[in-house]
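Right after this note come the structures.
Consider the two complexes below, in which subunit A is the common component and subunit B and subunit C are the respective partners.
Coming up: the complex of A and B.
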């Protein structure tokens, strides 16, 4: 007999609008989600459909216009900015579409940057990063400045930086845009291991290599900020 | 024409700006208070939460200027001494109009209320969600009323001020009153006044120190708050009849405003600043304690109590040093003879 599945993330009528009437634009419209722990979901949809804004809302970086967001059972909607930042630091890791790496720093310094508020990397962090750098074929570039890396290498650095925090919720915004098939496979293998350890992983993508991957638990389609009910794909894990 | 005087203009401009911002904040706050529904996630509530944060940030700056206005009003009165014949210190300037001392008292009261609002605001910021926002915005209305009164009295004082008048100063109003009136002389005897001052300030120091050590003890916190509120009233007679004569080295010169001059070694500034800071931060302990349960008592509340207790204790210790040092110095220089001859 299995116990109840822990709900990692829930939203209720989540809405984000920009501007004021008549130039108002609804970017995310009444999104209801209930995402359990230990699942890998993919959000697809055309450009401008609100995927990145939805991830900004789920990670607590953008405040909603209305609606509720529960992260690990706790509402973050009414939290003050600095308290929301604390929750984000402990519960959420994110890979940004534009990578958000510091160009003047080396690869390794960028990877360890999120650990600075906690007092810097521990031996465990260093070990994990060494493994990830090896797995993503970046070990030899650890001391290289970010501006000397290719787009694909930067993409992988951004992914490693998100994974080093060991957060229970990992959000990846278009993580495969600059990756070849081999690196997409490596990334998915790594993410699936993390999922099986109980982490919740959400990915936005246009990439069919991800949307059609059999290991993905659910594919949601977002159009004009709303989830398309008929386009949902739910896979049962064997 | 008085308003063209740079010192008067600066004080009126400061009071007007702070009051305007405070009143705008209170008016916007009142609009929010009546529609405030904590916990709801509708658009209106979320917008109001953001507006309340913005209003509080703006008002906080205005209130800091309002607090600084207390120092500015003393400074202005002190600088106008040269413009009024007969005035030897700020006392003469303030006493030359009907509203002078009322104005100073209202400014001091407003400054105390402003600091308490800022303490409440800082406490609110420590909570995860805006739990104290409604109280904070309602309190702001009261602070705004005080700020308006302060502005009105400041303008009235500046308008009434006659720069051609020959004023009488502290030697007539303070020194003569204390020395001639037998009842006042008994109450204001150096031993009684000094004893009362030490008798309240020392326990206030001890309790605020205890609060900085044990921020969970409600009894100690409330006692520290009460004693800190009472201490300025207990310390004032001691400043008048013990500290001032020893600083000014004249047994009959009791004016507190002369202490902020060079003849008083500018001792008045650290002394009164310490008394004000000790009192308002001590009062802040009570404000935090009274709202502690509404915040759910998160760990940062204890940190805030510790910090306030420490500030208050350091301020009271500074006030004690500023008060006791001149007496010891006088006794040392005179070979143990009191400024009063004999007690």
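Coming up: the complex of A and C.
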């Protein structure tokens, strides 16, 4: 007998429009999602289809024009700025398409940056980061300035920074754009472990290595801001 | 507490890597240095003057001829002593002795230094050698500042031209005093030697020093003395003290006003610079907010960063001002504040540390700087992180 599956994230007619009529542009249109805990979903779609904006909405960085977002059963749609920041600190970790790292700081300083307002990293955080740095072959670059790292290395730093917070929802926007096959494999292995521990992982990508990966629970396609019903792929875990 | 320490550590690491930090810290250092130098010097001179005034008699009676101080005939001493409140009256023989080679005056004081009252009046302590023997002629003691300046030591002989002859005096001691000003130009000798050197005839003195039992009643005593000795000028120690205060307040105030303009200019430049948070800094704030920093976290880190910058600048400025005033003796500024009646050889300013002055400087420079620097950070930190990351407003 299996118990009821915990719903981690739900959206109801989530919409984001920019501009005003007649120049209004709908970037995300009436998106309904219901994503359980412990699943890995991939969102694919052409450039400009609204994937990044959808992730901005889900992380509380962008305020929706209409619709609702529920995280672990609680609406985060109308939260004030400081509460949305707390959502990003404790509930949602995100890997940004352009990495969003602070130049002039070292790799390690960047990774620990989300922990500063909480008093800095604990021993547990340090241990977790050391493991991740080792796994992503970045341990020897811990004290290197971000500016001196390659695009692929920065991509991996951004992933590690998102994983250090131990958030129940992890959003990765085009995380494999600069990664070679070996590092994509490492990333997926790491994410699958986290998924199996109960975290919900959402990825936007064009990368077939991800969309066609058998371990991905569901692939959704986004076109012109709307989910395409007929393009959905749902896989059942054995 | 841990949060603040972590934010402080972040600010320390981040602030010093910004290219603008060095320039702003340097500008702050210079502003604080200028302001603190003026404050330190004004206060040091004021204290010096106050110390000198404190050692003066309560009343000094001068004789005026043609409106100028002249030698005073030593008479009426008993009548003055009989005035209620007057403790003692002492004729003093002293004056200025011009030395052409130095292009400056020395202050020659004739005094019987074996009398305790005289020693305390002069607030002197013998440093090396001894005091002149009672009634001994040809012995002098010098202030340590003057001795150092002239390169004289105990046992040396000095020749002073008097008319067509030269009077030889032996240095028997070097003194220091609470009043640094006096050690810079004072020579003490017996009264007969001083009379000879300064050409003061017997029966006359430079002035009369009056000690009162209650200095608060100096005005009343002065009026009675004036009635007894028409045409004399009575100098009240308290009035002199107030005059010194006003003089240094005025000069310090003029300098302060000039420097405040510089301070205002600096703050305007700082405002201009800091109001325009650059795209790099805006993006950085966007990153911080995107990874869970609240607006108050961003502002606290920024506050620490600017406070550290201002603190470093202020500390460096204060230290430089202290060394400039008390080690280098404030070249340039000294002449501006002391004015034309400068002491020669130069007065050695005694080091002083006044927490009040430091607070004034911090209040004038550091607090406004930190306050204004928060405004642009607050404006950026309240923007949408998504817009900040994308370079929008």
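Note that in this section the second predicted complex is superposed on the first by the 238 of 238 C-alpha atoms of A that agree within 3 Å, B and C clash if a C-alpha of one lies under 4 Å from a C-alpha of the other, contacts with A are read in each partner's own complex, and residues count from 1 in each chain.
The criterion applied here is as follows: a contact is a pair of C-beta atoms (placed from the backbone, for glycine too) under 8 Å apart; a residue touches a chain by one contact, two chains touch by 3 or more.
If you're wondering where the values come from, they're calculated on a predicted model, not measured in any experiment.
Overlaying the two complexes via subunit A leaves subunit B and subunit C side by side, clear of any clash. For subunit A, the partner with contacts to more residues, out of subunit B and subunit C, is C. Using the contact criterion defined above for the overlaid structures, shared-chain residue A:116 touches subunit C, although it does not reach subunit B. Shared-chain residue A:102: touches subunit C; no touch with subunit B.
In the overlay built on the shared chain, the residue A:94 is in contact with subunit C alone; subunit B does not reach it.
Once the two complexes are laid over each other on the shared chain, residue contacts for A:66 go to subunit B alone; subunit C is not touched.
Looking at the shared chain after the overlay, A:85 reaches subunit C, while subunit B stays out of its contact range. In the overlay built on the shared chain, the residue A:164 is in contact with neither subunit B nor subunit C. Looking at the shared chain after the overlay, A:77 reaches subunit B, while subunit C stays out of its contact range. Closest C-alpha contact of subunit B with subunit C, superposed model: 12 Å.
In the superposition on chain A, subunit A positions 63 are in contact with subunit B in one complex as well as with subunit C in the other. By the touch criterion stated above, subunit A contacts subunit C in their complex at residues 56, 59, 61-63, 81-82, 85-86, 88-90, 94, 96, 98, 100-105, 109, 113-120, 161, 165. Subunit A meets subunit B in the complex at residues 12-13, 15, 63-68, 77-80, 83. Per the touch definition, subunit B reaches subunit A in the complex via residues 38-39, 41-43, 46, 49-50, 53, 125, 127-130. The touching residues of subunit C, counted against subunit A in their complex, run 2-3, 5-7, 9-10, 13-14, 17-18, 280, 284, 286-297, 301, 382, 384-386, 389.
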